[in-house]
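In the two assemblies presented below, subunit A is common to both, partnered first by subunit B and then by subunit C.
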Partner chain A sequence: MDGVGLHKRLEANSGLLIFGILLVSAIGGLVQVLPSIFQDSLVAPTAQTTPYDPSELIGRDIYIREGCGVCHSQQVRPLLAEIKRYGPYSRAGESAYDRPFLWGSKRTGPDLHRIGGRYSDEWHRLHLIDPRSVVPNSIMPAYPWLAERPANRGPDVRRRMRALQALGHPYSEAEIAAAPAALAGLMEIDALIAYLQGLGATLNAGGFDQASRTAPSTREQRPHSADGGDAHFAPEAAG
Partner chain B sequence: MAVEQAAGRALRPAGVYHDRAVTALVLCSVVWALLGMLAGLYVAAELVWPEIDFGREWLSYGRLRTLHTNAVIFGFGVSALMGTAFYSVQRTCHVPLFAPRLAWFCCIGWQLGMLAGGLSLLAGWNAGKEYAELEWPFDIAIAVVWVCFAVVFFGTIAKRRIQPIYVSNWFYGALIIVIAMLHIVNSLAVPVGLSKSYSLFAGAQDAIVQWWYGHNAVGFLLTGGFLGMLYYFLPKHADRPIWSYRLSIVAFWSFTYAYIWAGPHHLHYNAIPEWVQSLGMVMSLVLLAPSWATMVNGVMTVAGAWEKLKTDPALKFIVLSLAFYGLATFEGPMMSIKSVNVVSHFTDWTIGHVHSGALGWNAMITFGTFYFLVPRLMGAPLHSVRLANIHFWLALAGTMLYILAMWGAGVSQGLLWLSLDEIGELSFSFKDIMASMAPYYALRLAAGLIFFAGVLLLAFNLFMTVKGRRTIAVAPPKTTGF
Partner chain C sequence: MPGADLPGAFWTGWIAVLTVGSLIGLGWLVHSVYFAADAPQQDAEGEAEPVWDGNLREGAQPPPLWWFWLLFGSLVVSVLYLMLYPGLGSYAGALQWSQGGRLQESMAEFEAEFGGVRRLVAEASLATLQADLELMASAQRIYDRNCAACHGYDARGQAQRFPNLTDAEWQWGGSPAAIEQSIRQGRQAAMVGWLPVLGEAGVRQLAHYTQQLGRGAAAAHPAKAQYDQFCAACHGAEGDGNPILGAPSLKDDVALYGNSLDAIEASIASGRNGLMPPFGERLDDTQIRLLVALLTQETTG
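Right after this comes the complex of A and B.
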């Protein structure tokens, strides 16, 4: 009875009602989200994690622009089958320089967090321009325009790096000054490939958790069976 | 109730409800449904025939799919919510809208913002966060319109002539307040030119903030907002009061409290703290209680008016939407259990779950409401009850087929990805599992076509009802509630 009486007062006063909604809906965020924002260990980079170099950064921005994250996750869960299929599971610190994060929510295509170094640059080029030329059953879109545009389109790379520097990414002034030269002559597709080849690459070269990998770490040594550890795409791609 | 034909705006007495913006929002919502679902159909077809983007960027899956989700949620959904909020807040407060010009600004501003925003998505402006892809200029525009929406809505409540604030307004109010909070925090970013920005949050922190936003956009927009619609239009339509006032109080506050916590179930087994995941899971399970309390309240309200279902397609839509609401709010907590989520995460099961809510609940209740509302706005009968009945069966068949196709696809994906053989090696390659999805994707396209055919009937039916007519003027009741 009293509860209902109390509520009668609340629902007769619009100010109280607004305040009540704000208060009640904020509690969850305050208890559950806010502590994470102040937990520095969540965004402390791992020993192998470095800020993206200019071409990787541009490549990542292209990855976002084209909505690659709609179909590809970048998050290997700590499950046996996932570690076997993709490689070491994802650590929080690996995403320390990711604004926004790109862990994804859907795998229409495979996870890409450990894609770096698994295929050659040339394979990626063919695959991005015409996916079905290297993976016959693929339903991935083709991205021919990436090969036709210079990588330094859009906002200047120095502006991008400065914005990230302001957010705490450790770029030096010399690195920022040299960035346009690093992009000279590159097309968008080159930048995107640089980004993809950097994903998990430090792990492939002998980073943490190497022991948990079941397949040899270099592409050439990987088993050619599509049923085996290298289950990403067509087996011929591994050769 | 005094109903009179308006001769024109200038001659309108000051004391009538402002319904013309409502009509405009309802019609815009129908146009967004057509556009957004057409984009959805096209991306579904691209998963069957990947070449049909013809090498054009703006037809490319990654961009068009983003347009699909934004057009249906923020175009179709928000226009419907804004229109029905303006309609019902006047009737539950017995006063015309506060600041009607501002209401027109909300209507036009939102449509132009979404139109330009949709084009920007096709142009590749993408902030990269799900359901928050629009870039910072649009984020600011959205925030401005939203604040105006709040002023009109709460301003109307403040000048009401009935003392108790009716329950539908609690839900619309929660929609306005909580979405403002989520949108502003999640959109914080450092701009780099008009078309690009970097999130203020990084990595795991960004993930936690994003799903606090993303899950509660579902919670307070697609669930809470549409519950506001339910609480006004269902009793109105069934011509019976809400079954239990007390249950509506308990359901509202427990819903508002509990929903916010459930976001981390989108990040199970991801690189965020274990306690955040577990808490997210527990609170997702708790959420079943308020969700079903509302469903029970709705079903019991209709009980006793069942005979109306035989003749009234609008009520049929609303009752069916309650059933899908019950299904989706049961499935959601189940999918948030970590051992279920291991299978369902990253698969088409999620897509199926979203559509059982979006098609079965959001779209159906909106259709039912529009079939009820548009004849009342026009002061004329619906053009064709028969077409609305056909629409009902198309919508039901399309939704069921869609969900079944995605359950099939999702459960098999999830299990096959995790499958290991007797010596502990992976049983299937990713590309083989992906290739086996083809029949499910074809079935989903067929389901979408059936559903879309129904929406075409709705658009035609409402267009014929509105054609050649004006929104009638309705005055509030003379007696006050005080």
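Right after this comes the complex of A and C.
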């Protein structure tokens, strides 16, 4: 059968046409997305990646709510200039506990994936309440209300942790039970700072140029990829 | 190992079959549509094709030739790309290109171009570096990028939290070695709050005494006993401070958290725990050496 004949048959039979459209538009996903779902190094957490603790979890929600991701990306690309500026490039496994991931693609402000430990908590507090108080030429908006709202004003954090647990995040029952107490007395700004200070900090601590894979994770229930997701970029010379 | 993290055998086959199959299918489609101008003029049910204006019907003319070459050419480019670059599962491509390999290359280029100079800088004497205006301009850029957010672009400190780096007062020591250690390993001050011990009245008295320190007439002050008991261990009997502990001098007029009675009271009541983050892993030896040169220059200059 030639192309025109096939075309006419599809045109005359809408059921067949719908099936054909679905088939053709699925090919890209079948080739690109499906295999990577089963690729351990892309989905397994790196050796140092742990699930967010309750304050980090709430802080992450605030990060999303306030739209931080609109101006700040969270992925250091494997390019010399970015590594020199921000630190080790981002590994896929570092986002294993991010639902959804916050990689972003727009940088009005700097990338934040290696921000953890770069400034003191006190600096973050001053900077979030009034960025101009420490960086005079900053164009970042001020977020003073974060310091006035308690971190646990939203829905119960335990429900959120249970949902993540159902998706495979290794929270223990004890951790979930202790979560509300961990948030007691914290303001939203404290939770956000806890989240920011945890960003990439585990990898930072392992070394600047080469991610250390010796640091044991505190949570080992889930199998980790043997190479921390690093070999995806491994040069041929490494073997 | 080439392609260590590329998909395994099954998924490689999956990707290759679907990709190559799609390319062949598209090639066939483009070819047959172009060369099917004389296709049978009947639809699937065998009915005659509609004809308008005497000779206008589907498939009467092949699409223009440039259209054919455009589609066919893009198929050829796809095939060439898949032969040269990684795309078909674990096949690494004829050029053996990889993202990590490209990164290693650019690191090697960087090392080849700047490595020697950077090592020279890392080992040079501070005076040599300070005499080189271009290097000091580099140092200023490193400072602006890494230090200014806290200490300010003019290095005079900010927000009564982050110390002035241009004066003679160094909380953790002003020698090049001490400054280098502060940069590499960071500093964590640890002054506890004394309100539970001293009570409000005691804090106020002690604040007054601290303010009088270094002005002579403080020997007979009623809070001297408390100072000797609680403060002298770190700040010294005379209030000279101790850079090893990061305890600042209380005698001079330089006070990070403010020199007013209220500010001193607040410091005594709830303590101070200033934190300088470590930069030993964020900056390399060359950058740290340049920063030390810059900062010691500003102290003496």
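Here is the rule we go by: the second predicted complex is superposed on the first by the 204 of 239 C-alpha atoms of A that agree within 3 Å, B and C clash if a C-alpha of one lies under 4 Å from a C-alpha of the other, contacts with A are read in each partner's own complex, and residues count from 1 in each chain.
As a convention for this text, a contact is a pair of C-beta atoms (placed from the backbone, for glycine too) under 8 Å apart; a residue touches a chain by one contact, two chains touch by 3 or more.
Because the structure is predicted, anything quoted here is derived from the model rather than measured.
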item	value
Touching partner for A:27 - first (subunit B), second (subunit C), both, neither	both
Contacts of A:79 with subunit B and subunit C, given as first, second, both or neither	both
Contacts of A:39 with subunit B and subunit C, given as first, second, both or neither	both
Touched partner set for A:126, first subunit B, second subunit C, both or neither	second
First (subunit B), second (subunit C), both or neither touched by A:12	both
Partner contacting more residues of subunit A (subunit B vs subunit C)	B
Subunit B versus subunit C as contact partner of A:51, first or second or both or neither	neither
Which superposed partner A:135 touches (first subunit B, second subunit C, both, neither)	both
Touching partner for A:166 - first (subunit B), second (subunit C), both, neither	first
Subunit A positions touched by subunit B in one structure and by subunit C in the second	3-4, 7-8, 11-12, 27, 31, 36, 39, 78-80, 85, 135, 227, 229, 231-235
Complex contacts: residues of subunit C adjacent to subunit A	1-2, 4-5, 7, 11, 14-15, 18-19, 22, 28-29, 31-33, 36, 39-40, 43-45, 58-59, 89, 92, 96, 98-104, 106-107, 110, 145, 148-150, 153, 158-159, 161-162, 274-278, 281-282, 284
Sites on subunit A touched by subunit C in the complex	2-5, 7-9, 11-13, 27, 30-31, 34-36, 38-39, 41, 78-80, 83, 85, 87, 89, 117-123, 126-127, 133-136, 204-205, 207-208, 227, 229, 231-239
Subunit B - residues contacting subunit A, complex	46-48, 50-51, 53, 55, 57, 60-63, 65-66, 124-130, 154, 157-158, 163-165, 170, 173-174, 177-178, 181, 190-193, 195-210, 212, 220, 245-246, 249, 253, 256-261, 263-264, 266-267, 269-273, 276, 279-280, 283, 342, 345-348, 350-351, 413, 417-420, 424-432, 434-435, 441
Interfacial residue positions of subunit A with respect to subunit B in the complex	3-4, 7-8, 11-12, 14, 17-18, 20-22, 24-29, 31-33, 36-37, 39, 42-43, 61, 64-71, 73, 75, 77-82, 84-85, 90-111, 131-132, 135, 137-145, 154-155, 159-160, 163-164, 166-167, 214, 226-229, 231-235
